[in-house]
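There are two complexes below, and they share chain A, which is joined by chain B in the first and by chain C in the second.
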Partner chain A sequence: MKRALSMLSGPLGAILLVVVLMSLAMVVAGTSPIDGFSALFLGALGGRNELGETLVATTSLLFPALGITLAFRAGLFNIGAEGQLLMGGLFAGAAGAAIALPPAIEITLLLLLGAVGGGIWGGIAGWMKARFGASEIIATLMLNFVAAFLALDLVSGPLKGPVASGAETAWLAPQYWLPTLLPHTRLSIGLVIALAIAVVLQFVFTRTVFGYDLRAAGEAPEAARRSGIDLRRLTWLSLALSGAIAGVGGAVIVTGELHRFNTQLSPGYGFTAIAVALVGDLNPLWVCVAAFGFGILEAGGLAMQASAQVPKDAIHLIEGLIILVLAARRYVAARTEVA
Partner chain B sequence: MQGSAQPVLLLRGIRKTYPGVVAVDDVDLELFPGEIHALVGENGAGKSTLASIAFGEVRPDRGTVEARGAVGLVHQHFELAGRLRVWENVLLGREPRRGWRIDAAAAHAHVVALAERNGLAIDPDAFVDELPVGIQQRVELLRELDREPAILLLDEPTAALAPAEIASFFATITALAERGTAIMIVTHKLAEVMAYAHRVSVMRHGAIVERTLAAQTSGEQLARAMVGGDLPPVAARAATTHAPCLRVADLYGGDDERAVRGLTFEVRAGEIVGIAGVEGNGQSALADALAGVIPYRGTVERPPHARIGIIPQDRLAEALVPNWSIVENAMLGRQHRARSRRGMLVDRVHAREDARQIVERYDVRTPSLDATVKHLSGGNQQKVVVGRALIDAPSLIVAYNPTRGIDVGASALVQSRLMQARNEGAAVLLISFELDEILSLADRILVMYRGAIVGTFERDAVERAQIGRLMAGIA
Partner chain C sequence: MTLAITLIVLTLIKATPIVYAALGGVISERSGVINIGLEGMMVAGAFFAVIVSYATGSPVPGLMAGIAAGAAFGYILALAATRFKVDQIVAGTGINLICTGGAAYGLVLLFNQPGASVQVHALGSDYWILVLLAFALAAALHVVLYRTPWGLRVRACGENPFAVTSAGLNPLLLRTYAVVLSGALAGLGGAFLSIGELNLYSEGMTAGRGFIALAAVIFGRWTPLGATGAALVFGLFEALQFVLEGRIAWLPPSAMSALPYVAALIALAGITGRVRPPKADGVPY
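Coming up: the complex of A and B.
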């Protein structure tokens, strides 16, 4: 029993357990697990186009996951990446439709505006916590709704594209689209930007004084405070930076994938990204790997639905299972350390 | 008293290893009803691990544990639910019920009777996190006593207690032993061992190196057995010149009961000023105000650009990041200084060098500089904290219970380093609940009672009895 538990607490055990649980879910849905898994993997990795879609999902998850990683490492539970992603996309989409600059400058500007939009959204929550002691969990969560309705209002009215039929901005001119990374797919160089941010983040955590302060505040706030770290400043700054990273993600979706802004920008990337960050153990480099894993599920899930008749919702079930297994893993690890 | 009696606790061939350390190495131990058995040794000698094994909370790699009757363990670090009341904590998990509800009245009465029976005065309705440490320990003790254990293990029970509390604590323990409970005290306070224990076992590096009757040994002999040789002598007091360094005037701050109310004093370069007092008389507020972590009114003057070394009272909560390595912890509080950074980057070369220097100068026992500090023993953690506070040759040092909960060898080292810093011209403010520590180190002693200074003694005119009365507020 004890040996079985310690096996389970390893990453291999966790993957095995998830596979078993997924198989059960498939059987319940009336499909053979072999058919289900082959559909999933063929759909996610079976060709250039499939790989492209998987990496598009990876990119969209990676930005908010990295933002969440930064906040969590500072001890701040940012549940608002969804709203920050949306605000980043809104800023980029609104400016992209209205401004005409040389393409390289404009694209850079749009990505930066994405950071500003997300950064403001994260920063508001940070300011509320630093100034009034408001819980950042509640503040970031609630700001998701504010972002969603604000964005919907704006693109239904003042920011609505002149010829748009639904609630969305005007399309970006093709020269302002983010360059494609993998020809003949929808994958843009946004993936490269996300990976670069991951590397920078890892560097900041391990090598800079700011990263040291941030980790100290997250690990041991009282010792951090006594060491001369200004916790209030660190709180709003961390949440603003966290939001900014998610916001760039929104801008990447707008400039690289949708080429306009609408409120269907994210099917909940900001929430799935919480799991991505945790599966990646809040280590930016592992978070990249975790985002790829979740990208496979997201993209492969659609294919599985089409060819193996497993509903796409089963994928969300699996994502939930992964979070459960992960929590159990930590619990088991904590228990074995004591015993 | 043991003689022909059967042991109630029998440990045979116990061995326990943790990654990189043999914590307990082939130990046999027996405990008889009615005895007070002291298990002494330096921090990291394996005493606490052995106690946890006897309690059944840690499983040994090898060996057997036989207990006749219930075993109770009072932890060194209390395991209480702070937001619950005293009676709720004492009866946690065994609350008397009326139907599906807790019978609060019966529980209340039960705890009052239990406290009275054991001579432990306590307010059963107080919230645990609002109580001073000494009283919190009483709650832990009551919780264990309620299970009527045949064997009671106490891990460093007096580490947080004031002198008067220690005496009443041992009165309780002695009475318990007389009623037949087998008691084992894990400690490194040899004076208490000599005064209250019947038998003594000395542990070093995981093994029991000496077993003796308390009546047949001396504190000195035990200390030598603990450290495996002679104790390092405390550094001698050298003549110094006294320029003013820290001036505090009309200082007010902190929360009601434990606030400071109009403190005025001065600490000059090259002297140690000791603040004597029973815990809860404003010491924490004073230390926090000087550390700049609570708001205060009044004057605190220090020379401009003075480097300050602070040794906080609670090393795990206030001074260290437990999950970090020694190297990372060696920088904490110094990370913004020029030495620790190259522009925005951490200066990793200096960080390592400083950590190595602390480990060497303070004899920190660790497998490596990259060891996580939570895996070090309390004494070694404290050495890291003290070493870090003194490494930049501060001109002002604020030390709050710098030897709390650490063994004789580590204490002597810490006290020596404070004395050396003073000899080299630092102004040292020593706040301590251990009067002996203050008497041996301080050049000047201020007695603090209810947030004010009620007496001042120069080193050559100390009246111990008078200080004791002032501390208790009866002079």
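Coming up: the complex of A and C.
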């Protein structure tokens, strides 16, 4: 019994749970799970194009998930990755439409501007927490809305492209597009950048003083404070860095996929990324694996909707359940260790 | 003059769903559980109110269903926070995803259309009762929290649950009651949006009011009357949008929409440090 419980509480249990829940969602929608899953996997992995789209979703989720991982490890609840992603994309899109530099320099600049945009957005919450003690949870949540409205205002007015029909900036010239990774797909080298950030993050966590301080602040803030770690500095820095990583993600979506900024940049990646970070156990390398899993769900969900008539929103319902159950599993795991 | 009256009336109406959710936030946080899931519980309330009103052809069962749906998700959060010691913020975020995703999934399944439900029987002019009820409940919750033994126990759970145990009571059970009540209130707020103000469910109709309510709880210093006052201020911002729309040409409409959130941020920075949350708020027992 004990062994069965701890088996179920592992990653295998999580996958099993997803399969059961997905099957349920498919049966309710009037599709057999076999048809549903084959539609899902064919749609996610069935060919070059499909794999490309899955990896595009993986990339878009990985940046905010890594940002969230950094903040959570520091004990800070950054629920604002969605807004940080948007601000990063806005900065990159606005600059990309306006500035003309040699391509390599320009692309690098746009990605850095993405980091600045997201970093400012995360940094505001960090500054509020460090300076006033304001709850970073509420601050990051509110900033999501401010970012959405700000972006909408700017691209409906001053930043709107001259020939754009909707709320979006002008298109980036093709030489400023992020190079393609997988030919004939939308997959850009953004994926490589995301993976590199994951490796750097893992190195920072395990091999640097800053990473040690960060984890100490997250796991034992009082002990960290007494050992001389500047918690205020760590707070705003962690949230700014967390936002910056998400912001690069926004810039990658703009320069790599959309080739312009519009307000539909993210269908909730910043929130799904919380699930990704938790499933990856807040370990940057496992977060990469988790992002791929969620990328399959996101990309396959669309195919599942089209060919098996299972609403793709079932995916978000299931993501929420995963968050709840995975958080509960830690308790089950801890309890079985004691027992 | 008529403009002033319009503004007052609109403020009351726009504040009502935030008042319900904020009262839910107060009771939950006073018991020691931060309810980030208020937004999702409002969505559940709005959605199920419409479904049941559609099925029965009458808004009153719909209203009850909205309250029950909110309470059910409150119970899930309570279970997660008490029995399974899940991090409350994580669990609340999960509930928000479940409710928004679930409602979108349900819309496609039941009405075969994304985005919005069909029109259903709504409360019509009777929704005034719900506006008045919101403020009556604020007063009632004040009395319950500060004038009854149960209120004292709930507040004690939020300050020092160990003391509650020493007194021979079960803080986990008290927290469960408080969070279920919190969900019911949020569900009622959601139902007010869908079958009170309107007569359908549409995606994104809660528009972050559950999060605004969390801010209202802080500005209201974790008291029912204070949170209600803060909710009224947020309601005023929303009402101003309607009244001023088209009157101030230089201000883009979405800047007006962003105003409540910016105001919440500034107030959050200004007020923190001068107010004290319940000592065991967010701390598992």
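Note that in this section the second predicted complex is superposed on the first by the 333 of 339 C-alpha atoms of A that agree within 3 Å, B and C clash if a C-alpha of one lies under 4 Å from a C-alpha of the other, contacts with A are read in each partner's own complex, and residues count from 1 in each chain.
One rule holds in what follows: contacts are C-beta pairs under 8 Å (C-beta built on N, C-alpha and C of every residue); 3 or more make two chains touch, one makes a residue touch a chain.
Only a predicted model underlies this, so the values are computations on that prediction, with no experimental measurement involved.
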Does the chain A-based superposition show chain B and chain C clashing or fitting? clash
Touch test for A:Asp313: chain B only (first), chain C only (second), both, or neither? second
Touched partner set for A:Phe77, first chain B, second chain C, both or neither: second
Quick check for you: in the superposed arrangement, does A:Val209 touch first (chain B), second (chain C), both or neither? first
Chain B versus chain C as contact partner of A:Leu321, first or second or both or neither: second
Residues of chain A touched by chain B versus by chain C: which partner has the larger set? C
First (chain B), second (chain C), both or neither touched by A:Arg226: first
Chain C-contacting residues of chain A that also contact chain B: none
Using the touch rule from the top, collect the residues of chain B that touch chain A in their complex. 58-59, 291, 293, 310, 312, 317-324, 328, 331-333, 335-336, 340-341, 344-346, 348
In their shared complex, at which residues does chain A touch chain C? 25, 28-29, 77, 79, 124, 128, 131-135, 137-139, 141-143, 145-146, 149-150, 152-153, 156-157, 271-272, 274-275, 278, 311, 313-324, 327-328, 330-332
Can you list the chain C residues touching chain A in their complex? 34, 36, 76, 80, 84-87, 89-91, 93-102, 104-105, 107-109, 114, 208, 211, 214-215, 218, 252, 254-255, 257-258, 261-262, 264-265, 268-270, 272-273
State the interface residues of chain A toward chain B in the complex, per the touch definition above. 207-213, 215-216, 219-220, 222-228, 339
